[in-house]
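We just call them A, B and C in the order they show up, numbering each chain from 1.
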Amino acid sequence: MNIFPLVAVGVSTLNSSNDLLDVRYHLILNEDQELLNTLNIDNPGFNSLYSMASGEENNEFFESISNTLSVTSRQKLIFHKIDKDVPISNICDAYLKLYLLSLKVSKPNSINLENIFGSLANVAWTNLGPVDVKDLNLFRSRNGEVFVRSVDKFPCLTDYIIPEGVRIADSSRVRLGAHLSEGTTVMHEGFVNFNAGTLGSAMIEGRISAGVIIGKNSDLGGGCSTMGTLSGGNEVKISVGEDCLLGANSGLGIPLGNRCILEAGLYLTGGSKVEILNSKNEMIETVKASTLSGKDDLLFIRNSLTGAIQCKPNGKSVVLNETLHKND
Amino acid sequence: MNIFPLVAVGVSTLNSSNDLLDVRYHLILNEDQELLNTLNIDNPGFNSLYSMASGEENNEFFESISNTLSVTSRQKLIFHKIDKDVPISNICDAYLKLYLLSLKVSKPNSINLENIFGSLANVAWTNLGPVDVKDLNLFRSRNGEVFVRSVDKFPCLTDYIIPEGVRIADSSRVRLGAHLSEGTTVMHEGFVNFNAGTLGSAMIEGRISAGVIIGKNSDLGGGCSTMGTLSGGNEVKISVGEDCLLGANSGLGIPLGNRCILEAGLYLTGGSKVEILNSKNEMIETVKASTLSGKDDLLFIRNSLTGAIQCKPNGKSVVLNETLHKND
Amino acid sequence: MNIFPLVAVGVSTLNSSNDLLDVRYHLILNEDQELLNTLNIDNPGFNSLYSMASGEENNEFFESISNTLSVTSRQKLIFHKIDKDVPISNICDAYLKLYLLSLKVSKPNSINLENIFGSLANVAWTNLGPVDVKDLNLFRSRNGEVFVRSVDKFPCLTDYIIPEGVRIADSSRVRLGAHLSEGTTVMHEGFVNFNAGTLGSAMIEGRISAGVIIGKNSDLGGGCSTMGTLSGGNEVKISVGEDCLLGANSGLGIPLGNRCILEAGLYLTGGSKVEILNSKNEMIETVKASTLSGKDDLLFIRNSLTGAIQCKPNGKSVVLNETLHKND
């Protein structure tokens, strides 16, 4: 689905040199044609960093929006347009694409995020909002103690948007750009990177790396790992199908189909050799794990006597505990 | 020990529709018979959600308690009585039982917590107290930036009670309802769920799941996992005896006796087959791990040449580093 | 390099009994001889806990420094001198040595930290600064809601100093006393204890225990463990050379040389027996892992069919993703 061109309204916090530190978007304007006309977005000059030139501060229209969005003196109102889904070229692009992911307008891996690291500023995220690391001492001397939650290019999701029907036990561990579906619980040991997330109810006590998608009704056990593609050299996008269970402290290096189980403590990489057993526990053949990518109904264990990684048909089905997922 | 009936005084924060978001209890009143008479708790109507009806705000007695507890305009004074240890029926029950666990009046698994998920509200826990997720935008526009630590049904222990002689390196990772004994240190990678905890000095760098109890002088290494009973299908309550060591990144799926060691990186599930060796390293038999539940003086390793999980008599004793545990 | 004697200026927050809770140092004064003369540091009485006696509050010189450092009414200006690198004898020593480590004046394991646990106070670290756990209720009744990030002897690095060119995704997980070099990114699952850190660019998604040093251009995968020497009984200091990769959920119990790889999910302890293979995958001998300490170009895996830990020559080189490390 092509969602571009698209215009959004947001508020950016500035550092002491008036550089943008972030953009907190509030509205997508594609529907409001009257407003789009007012903004004159068809003017080829519109897609600049932000359209609110200093002369416009007296404009009644902008002023009323600024009031609604509670724009403070260290902030600026932003109107930003993305015409086409090309690589990210500035911080307004970057935050808008992260916002679209967390708003669930876009699915992970469906929009172009190239150059996102180069477009984001490294910011001290505090209880008083984003602060440039260089400004922090000055900021503290003016505002008293400041709590620094993070020094990072990406902010936490909950500072920007809290999706409905979701629990996030430690909000430091979910980045803006995470795609969390209703009924998702991210426990304390869970983690969700940007451009990653869940497609339905899910219990997340492990780490969802950038680019990784988890199907509905799946359960990632405490401390489990999913291989990402940003670092580590892995080139295959990892995903988990529906009704799957990754045991505690396990790890996944191939895409899984539906109704698969990975035993607690087992790290399955794409290159692992795996013994294939039939339902009578007879060994049939030995294959590389990557050849099992995307197949349904598999149970992966390490035989506790021979040490071999084995794969057999999965008879059990995973049932999420419903009371844990009614997040209202 | 039957501690009920029991009356407690607390303060609840309300959302914009006057629903209770939490209850921060301050006192257990069982001893103070005069006060109990004043409250008329034998009146069968007492055990309602909260006794302070609107007309009572001018009551001098309630007013003085409100002042002592610094009750603000978005809060309400609560007197709550639990008659018998039956399933939880409302948020006041739920917070009182969590409080009793963290106050160490009740041990984990000793009180009825049925229906706790259904009785708790999903709340945004902020540096300005609990806020209904639906009220957050309004709350921000009134109070400026707000730091959201968590969006969850359970709050952090340290917002309610800080047990004596305890260190908690990252307070986001210990829920109200955790039972932490003096001399317990929960490091950054440690985690303690509600209805779980320690019975004496302990070094916790791994995860204590709901229902799991750790004996005194035991050490849970970094990132280790203990299987819980809330999700994952395990039905046996896991526990760790005294003087035990769970190595870093290990995992435990059976109850352990005293003086047991689980090697770093080894995940022992109840169904794992285990080779039993004698003190001369001779193999005696092969058993399911669950048959070793609760036995003392065992060392579990994975043989690094054969890949087999093995169990032998544990000669070494675990000694906690005392300087790390004097938490004064 | 001997950096002592050395004088530093800082600010300490006090509890309600006027005990020091911490010291936030701002300047090392060794260069400023004029100031040192003013302070009369050669006076044998100087090295007391702090030099600013009550009578000196009217001293113009001290007052101007107090203003610069925004010393509040619950704080005190501190001048502290360490003459020689002997065991820590008080909280001013302790914080100064932690500061020197994080300022990268001292490398981990290069200064005497004996008695540091006994010298530090267990403090509630809040968004309004350090508070004595015993004062917390009083403090809350005066200041309203207070966010407690941690109850610990060590504070978070970012409350004291933010090194240049560093990202720390969850600041709760890096203690003051961590030594983070430019180009280091500590992700959400990363952790860095005091007296530990990196010597160059590094991607840290695992745990750097006290005493552990990571060489430049190395990558610690999500949830990986490095054995520390504080607890657990290990006596060998663990380190990681340059251009190394520790896979996700792996663990390291020996010092590694350069260009080594530890497979995801593999825990290598010093006592593990390891099969040595040549570049043709032929088994040569079996050795204890500790005999491989510090050797370069090794790849450690667990054979997924035999369960044996194996070591072979490492052909691949690890290349950090540069865009993730430009932390400006």
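The definition used in the following text is that a contact is a pair of C-beta atoms (placed from the backbone, for glycine too) under 8 Å apart; a residue touches a chain by one contact, two chains touch by 3 or more.
From a predicted model like this one, the values you see are computed outputs, not experimental measurements.
Contacts between chains leave no pair untouched here, as each chain touches all the others. In the contact between chain A and chain C, the residue numbers used by both copies make up under half of all numbers at that interface. As a whole-number value, the distance joining the C-alpha centres of chain A and chain C reads 29 Å. In chain B, the residues that reach two or more other chains under the touch definition are 127, 147, 149, 172, 223, 249, 265-266, 302-303, 306-308.
On chain A, the positions that touch chain B within their shared complex are 70, 72, 126-129, 147, 149, 156, 158-159, 162, 166-172, 188-189, 203, 219, 221-223, 245, 247-249, 263-266, 302-308, 320-321, 323-324, 326-328.
Chain B meets chain A in the complex at residues 117-118, 122, 124, 127, 133, 136, 140-141, 144-154, 172-173, 191, 207, 209, 223, 225, 227, 230-232, 249, 251, 253, 265-267, 269, 272-275, 286, 302-303, 306-309.
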